[in-house]
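Here the structure is laid out as structure tokens; the discussion comes afterwards.
First chain written, first letter: the chains are A, B, C, D, E and F, and each begins at residue 1.
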């Protein structure tokens, strides 16, 4: 199988993080191609950034029909509806996929994302997908997307605090990490908190 | 009061139709400026067109802060969330406004729009706004946006047929016309069918 | 345009407050007539008062057909369904209208009303109108309607405290004042809290 | 036990029908007192009649505290909220009670009522009570309340036709008769259609 | 009338508690037969116990057709759907019946049950019955079913604490006791807290 | 990866159909073990059969902890909650998984199942999972489970007719086959109708 992953922001290091996470869970026979959008915002936080990254996303998907499926590597599922109008191949958003996966392993899950301004778009997606009744809360860690990668950042610690709150206040049985840039925190946080902490590129144990 | 209307597609004749409709209901002291997007799709039918018209819409709104409010003249409320991130002024979508107005004058209303491919986006907006319980149906007349203006088009007759169905099958008490290009049909159809047929630029009698 | 406002309680000073608020936002060409119900409760707080004020309301609306539209100046939308059966003219409740207006300018809004016993009727209206998903909370300030006008009352301070709670706990982006008698607090509270605090007779800036 | 039944319209023959139905299902030790409202509409069809019958209803309930419970014998549950504010005794509406009873014996039920103009109030009550997901349809037989008692009326036949539709189109597993005046049709219709046809004063077999 | 009560767990003392409670509210002419399941779990706390008690429940109901109705005396309504497939007689679950009864006497009610692991099944039932909008909270007292009967247990005190929370935090207007084994606490708790505390075998005053 | 599939009915030929379907989509490195329940109903159609197959299902899962995950091969997700209480390993129901998968590739999907008596359980599951808003209809083909395998059966033709209805009346964009025994019809029906027809053991193209 041949999968195209497109990062709709223009930050290549984030594409690399996602690509590595995807490879680590793919079976041997799956080929993964990861592309970065060539124009548009460097990170996507809220509706404004989303709107401006769709044309770059669609441009990056120009050869999508050569693949068995495409994955949009932005937790807001930026441009998902537009991309689906652009190709007959299945297109999956990582937010949408994570919500469905969490629903299969937990009665209710909470989301921990970056900035508060991303929360309405995530809640709105949950309603659209039909899964808001499964979500026990959407929490902001107040870390900007690009700070997730900054050396010396306390990002993981702050995300961990929100997970703690989600377990005790929301009674969450699983956590969905609400940003593609958090892909490499999942395993450690899952281990630390004793419940599944997931993105679609993580193995749930 | 000073209102900016932006047509997010690039078809100037549609801007003129909307502008005339707006002036006909505005009070004497209200100034209306109507602008047309300079790049992007010539009409907006479904998610793909929507995505590609937002950058042109935002560009056309560059002086929005000089106005008391802005109106996006596309029934899909294209770019509404992004535009609201762009300015402190109130921004209103004509779809959203029409749904709220219809809710004030009718127990339930049906929508008659252009092509079937626009239906999911409209239904999704109704859910997002909280008003799907007020909507008794979203019907497609299967007339393309640009055919609404074509001389000799049977557009009005086909819309009228769908209104008939909406009244008898959906038990609609009001009709919302689901495309800015239908603005000048509202009065005649309202008269013909004996229930309010409205857009936000029509006087409901 | 010719608008009839009816206060369904028998307290004339409250009619005057509402009338002044309405005139301050109406355009020059709009004529406003404000009438007070001649029999029934002096204030409307909960279902019992509501039921007993409808006959007086309908009596006060006996000439409603001479007007372009009527407004029922009670936040509970007392008698709205009955009034709509009584006339072909549009009849608008100030509660209903405020909920729709707040939905156009905010992702979610909270309501601050008078006594706790009014809360169920307001929540029930939100459900009926389809807008409960847009409302982040209905809060009681525990001030009786008639105390809103009492000289030396701390009404505004207590309403302000609830607004503070609504902003921080509910994450409200706008506040709807839940009693016609609060009409003249809106502007000051909006200024103080930095988010729109509204009734239908206020200009949102 | 000592139960007060109040008919909120002024038609005594309807009170008698309801009283007989109630006695036929009450246990030997239950005393039933049935009163008729002394002023207000002769029948209640829609919101306008409802509003004008509440004062008469409350007047008729002046001794409600001498009873163990009160029943409002109007399917619209006219004045139920107001009556509950008036007394500490339990007050039950026959519409509400029938919806709950039907939910205990059927996966989904349909309602067959009198005129179309009563439908919105019934649907609205179902939403308020939380039971709309249990209701497969609200159907109007287009028989006025007072025609239910008219000798030679084809009322039962027309109700029967709607029950037939409800079984085949709505897949209703039980029928709720939507008017107190239909109390004495329940047994025959239940027998004829082979599914429970009920009001709260009928024995479901 | 002839009613069969079946306790789907194998603990006879619990059947006796329920039987006594049922008799205390039944009219003189009602005969009550209470049976205990002969095989399966000794108490039912969560989905696993539920699944294993259904065969014993159905076996205990082998003569159900000799009765006018059957009651399943487990708050989770264990095996209710299966029992309804087994007989034409009405079968009522005590959880379901209590939710409907509470809805008739209170705008919103909270449930106080035994262990946290029973909460999801109760919430799920509320959704299925359509009544989640009427429920203001499901609270666990963290007392195991069999400890309810243990001499010297502080069960009633801990349930009382949760009722206190439900009144103040959930704004519950009535409490539903979420385990058949709590049947004999209802009257005292209702008296203590001043709001109805109920199961279907209690008289609400 | 090591996956356990358990058929909760006792019909071995159905286990073989499911096992073959599963192997055809599994990657080379995935080991599949398929077991048949040793006691309980021969097929599962509705709530009664479900209840009696759970003990056999749990017995068949006695070694579940040796596997990476378990799949319950019954479209009703029989015993899913109980099985999840029985093990720490992920347990997936094929109904639940198919609903989530269909949601990822279609705006709305319809289900085509066997007998009408299975419909309520399927609708109830959709509500529980949160996905009823994604489902455009649950249709019965009126073919009993065991007739699916009978030589000369017109099962596929009758399912195909319902798919036709689902496409035209429900506007379904994908079809979920509502019985494990239909596993080998998926590819042909998908090809014939031109939209995805799926179970979790089919490759969607």
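The working rule: contacts are C-beta pairs under 8 Å (C-beta built on N, C-alpha and C of every residue); 3 or more make two chains touch, one makes a residue touch a chain.
Bear in mind that the values here come from a model prediction, so they are computed numbers and not experimental data.
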item	value
Set of chains whose contacts include both chain E and chain D	none
Reaching chain C from chain B through chains that touch each other, fewest steps	1
Type of chain E:chain F copy interface by residue overlap (half), same or different	same
Centre distance in Å when chain D and chain F are each reduced to the mean of their C-alpha atoms	43
Mean-CA-position distance for chain B and chain A (Å)	33
Sites on chain F at which at least two other chains make contact	127, 133
Arrangement of touching chains [line / ring / star / complete / other]	ring
Circular arrangement of chains, read from chain B onward through chain C	B, C, D, E, F, A
Of chain A, residues touching chain B in the complex	46-48, 50-52, 54-55, 58, 79, 81-82, 84-86, 121, 124, 127-128
Residue ranges of chain A in contact with chain F within the complex	27-29, 90, 92, 96-97, 100, 103-105, 129-134, 204
